[in-house]
């Protein structure tokens, strides 16, 4: 596959959060993206969620910006309601046949107004609301769906023709047929997501028979404001507000009864979230969670669990219940459970929520079969720990829950990682299939009086039905500066936009006002159109007379029209004094600096080099490898040292990567695209220019201060044990006691180090395999072998490893015995003291951040979290970015993680970095601040207020770094002398809006 | 004084009305209780007309058209059949005895038979007795509300087309299935109206109190409350000791 | 069996059960259940109808076997189990706990230490209780 | 059709009323129950230890006798017989080597050729008669009688021998509806009645009976329907004794489904109510499903 005939496009299968993230990364790195989804709109499961842990952000609020970006990104082509039929060809040049299912609604024309659905006579179960409410045969998946277009469910529809009769946009296409089309792409990313376990299969819990037993995804819909119960927590049997709600964990996970020998990783944390959010909605609710092991292992999850226990009073009962009984009359539920000290208690509950696990989707398995992708025996996509985003077929990558249960941060990391691999394969074909529209030169409007054009929209009946639009047009025509005014049925439709360009040019308009829906979704669309007409995009203003006027004053037409007149008049008032804003472009040094030569640093360096950009890799020690040098075998049986050796080999031999070992960073200056870093290598200093920074400083094993560590050489850490076993230590016949959570999950360090449970089980198995007669005990607080690692825990027990649980207030004791060490603890089931004569005690110490993080943080002006790890821009949706543009994060510097997860995050950081250094230009925001030096007294108030350090004092005057400025305008509002103004939102412009609102005549 | 039922008759100009005239010419005697309205075709009779008749105190209504196949306007009587089928169903649901409505075919030549049809119908209504206006009035009003709904009139209007010629996709529909969908819509709309009137009677109302008033189980009432809330006709005002209380919204008072 | 000795029936004598090797090896021939697979989730105990009368809870019995504590053979629980299979059907580890209970009983019975002695029954009961109860009891409690 | 009937010990002694009512019902439905010529104890309760083949001999012999009589099906009335025979049938089909050992061991009997299936009478009513035909034959519908179905465990567990969904059985509920009576659903219907513990643990079994019956009383059920003679004894007899242990508690009547079916089919007979600790006759008369016969207790 020579470089020439590589195709510069990528097919992304699955429009959930994974598909959206990888599409945006690829589209912003100069590749054409075909984003395909089997349902009528993208959004996937995350769209169904109410809030997300651990920040309790509303899921839709953090996802909507990505939805809108994907919806209107010029390089992303949305192919909804479609399936992949077949894939031919090889990596770099695939021919993919796609079947676009008949949707019976023209996506371009439909504006999502919903008049058709209001009258459709058919009742159908709303799958999106998990059956809690009904939808019609013609439906929109959810209010914020992208594309905002209805679809007809052909099985349910009786073809009565009513919707076509009602549709004003004439968007109904009854003779729509499935379309077969073929696209040519260089690589493919599979992220079709997962299916929730169907809890009807667990008959003993009564889901499907007892109305008050709901699944967790159904409870998400109940909690959601756009859900069937409008976010009121109610129960289905009588619409009452439940007081006692029970969450049942591990429904369809860790259960051989239904063929699930794995843990679904996220249910513990989402159950806590649902309990906490329910409690916030209704303080009288008493949530109880029945669980086996509380697996809150992610970043910030442990303190989330503690807060739920201490602040919200969520009750945690450690018992997997046997069944749920229901009183057929009152539909109240009874649950019988065993307390930790062996008592049997029967308790009444008003409602029960089954925390269902993940299963693979049937049609994803078929697709994988058709594409020749290997699946593991549980039906998920088979991946290797060496590269968790590669499938068994060259050129086809995977991310998200299709390769195994995982939460949203890990999904987003894998999505960016898959984007890195997918684009790395075809980096030579970058920018070949991406056309930048040729735009006419911008009209120079200086010195010419305002010639304002006003376009008022009916939006079918959404505005026209409640606001006197023709009257509004006449009113606007009379206002000063207005030379043209018209109304149209749908301003945003394709044909109206074409006429827009002609109208502007014919009437020589130099200001455009559109009175229609919300600028949030439609401003960029209209700005792009007027730019095509030769006008600067910022000579434009919108009046929101739908979402904030006609839709909310439906029953009072006169006041709605009056308010619309005010809004139009305000826009016109500002229009006369808006100015064209130049699009500032910065040039970018297309190279990267990677701080830290551990596994993550090396992988991200290699990934960036694969994209064709040079990398400077800074390593404090003399050789590369970091903590991985002390790991000999991984939980998934990967040859760790072998992989480390050939990774170091690749880094050393890669011409684009310059390794600076024994080096310290002295100073980092500059900003995104234009960094200058001084690095000191044994006394001589060199300066490196680069465009982006990836922080991969890793983390270290802490030194335990308990259990006689350091006082008796038979007390070692898990890493020491690995070293000993690698050197062939003879443990046959010996008794080994392992103690978990040494320094983690404590008052002074309230986080879980995530890897130690699996590490202990891995080492215990290694001991048992080498010396079957050795006795191994593991003293734990919660076994957190999440995901497919659960099978290791199974095998360890089967090999006879004894697991004993201890609680924080009754920690085990280690004392010197006659010949061995005596480990004292208490059996959690028998409530009986146990003493283990151990020849060796192995501790699982907490993983703590690199001591040097604070200094790197100051240099890069990036913050640390309260545990000392780096604080990313957003824990859920930007886990590898920092809030400061151009700086990225990978590996254990973010938080403790497994080798596979570190590799995924390293690729992700590389992909995010390439979105910047993949082009030599970087378009900054247009509405940035500017300083009038004459008025500036150098008081520094503005600099103190700026969260992005985009405005600073230079020789007594405030100076704005346009590259860093995000355009929030805080500095302008703080300035004492009016020196600082925000372009597009100048004081006089805002005042003109106020004046426009108040006085009838301008 | 013996009860004399008040009857209304819609006679189609070409057949039934002509049949009636023939009865006159042949001096056929029949009871005087029915007041006749001449319509050009039995298909002209709108369910709302029939329900309006009952609302204003009629005890019985007859709709007489041409025998199938004889209709002067080819398919008018088939339309009448479907419209009256809707009316029967609505009457049954709102609680007016469907026997009070008669749909029959009388040809222009059946003077004698016309007399018999009128006599039998009059006796049938005499047996049934008067329709208590206080009780039937509001029921008929609810019936009218249902019969005037867009989707129901569309379904009835398109029924023949979809069964005989095929729907928008060209496949012919099974009549029984279509009837179920129609009945389902009538039942749902009626129940929603029941619930609305229960709230009207005592607002704000809780699900258990509504369930009792309309004699439905709480789960079904709650399902309807979700539909009503989504349609913006009902709003949850507050929650008092775990029972949400609902009020009517956007009710443009008659 | 003929005479009904009112006073004669006393609780079964304290048994002196001899188990040489590990319990888990004793169970080997009797049942092939993966006792070590148990992760003490408590489902079996939560679903057992006779938990109130048991001295050891169901999961405690399994724990005794895992930790090789031989006193489990003296517990009342293994004799209280009525083999109703509720625990076996609901165990998330698919361990047939009913078979483990039977195996533990067999270890005792095969050292011909009988659990049941019919002295305590009145004649009237012997007539009225359905035979199937007696046959089951003999099969389960007498070696 | 002719049904090869395997009675089992209890059906000949304390559960004679179950057999008689079943015979009457079968006949009324046009079937005849022919008792197996050769049958022996069903080997209750099924042995669960891996190495114990010996205890599978008794049930296996019954299967062989059925084959000798040239029939392909055995119909049983007692839940425990049905469970034990099915478990043995299942084991020998799963493990040919066990079957071979057993066949070699049995010198007088022929080898078991696995041509026989075991069917409980309830399964027969559901699969061969069918609820629709049954409903048509009901002449005296049990109108207004509220019946709580009780399954116990032998019909539903272990899963290899279950005759219905182990978590949500419907077979008795369907039967009750076919008889025109009302079903009182309850969460205890699949919980054990105490089985053979009744001999040594009388109070425990009484408490079980009280828990199950109290639920029925609170839902104003009139009686409990069941099919197993041991469950009947435990809930009926031990339930009656529970009245002495718990003051204010009164046991509601317990009946076999065959007795109720016989009454619904309008058959004549006294259905052996004398063998019930709580005589259901007064209730049945009060509900008008049984004619008021003078002198009944």
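Residue numbering begins at 1 within each chain, and the chains themselves are lettered A, B, C and D in the order written.
Operating definition for what follows: contacts are C-beta pairs under 8 Å (C-beta built on N, C-alpha and C of every residue); 3 or more make two chains touch, one makes a residue touch a chain.
The structure displayed is predicted, hence computed values, not measured ones.
When every chain is represented by the mean of its C-alpha atoms, the one lying closest to the mean of all protein C-alpha atoms is A. Among the inter-chain contacts, the highest number of C-beta pairs connects C-D. Computed centre separation for the pair chain A/chain D is 58 angstrom, with centres defined by C-alpha atoms. Separation between the centroids of chain B and chain C, computed from CA atoms only, is 71 Å.
We define each chain's centre as the mean of its Cα atoms; on that basis chain B and chain D are separated by 53 Å. Each of residues 166 in chain D touches at least two other chains.
Residues of chain A in contact with at least two other chains: 204, 323. By the definition of touch given earlier, these chain pairs are in contact: A-B, A-C, A-D, C-D.
Touching chain B in their complex are the following residues of chain A: 118-123, 132-134, 154, 158-162, 164-165, 174, 211, 228-230, 232, 234, 236-243, 282, 284, 331, 555. Those residues of chain A whose C-beta lies close enough to touch chain C in the complex are 204, 250, 254-257, 292, 318-323, 336-338, 342, 344, 783, 793-794, 797-800, 802-803, 805, 827-830, 834. Here chain C touches chain D in the complex through residues 29-32, 49-50, 52-53, 80, 82-86, 88-89, 96, 98-99, 102-103, 106, 116, 120-121, 125, 128-137, 139-140, going by the rule given at the top.
Within the complex formed with chain A, the residues of chain B that make contact are 150-152, 154-155, 158, 162, 166-169, 171, 173, 177-178, 181-182, 184-185, 188, 207-208, 211, 218-219, 221-223, 225-227, 229-231, 236, 239, 242-244, 250.
On the chain D side of its complex with chain C, the touching residues are 8-10, 13-15, 41, 43-45, 47-52, 55, 78, 80-81, 153, 157-159, 166, 191-192, 194-201, 204, 207-208, 229-230, 233, 237.
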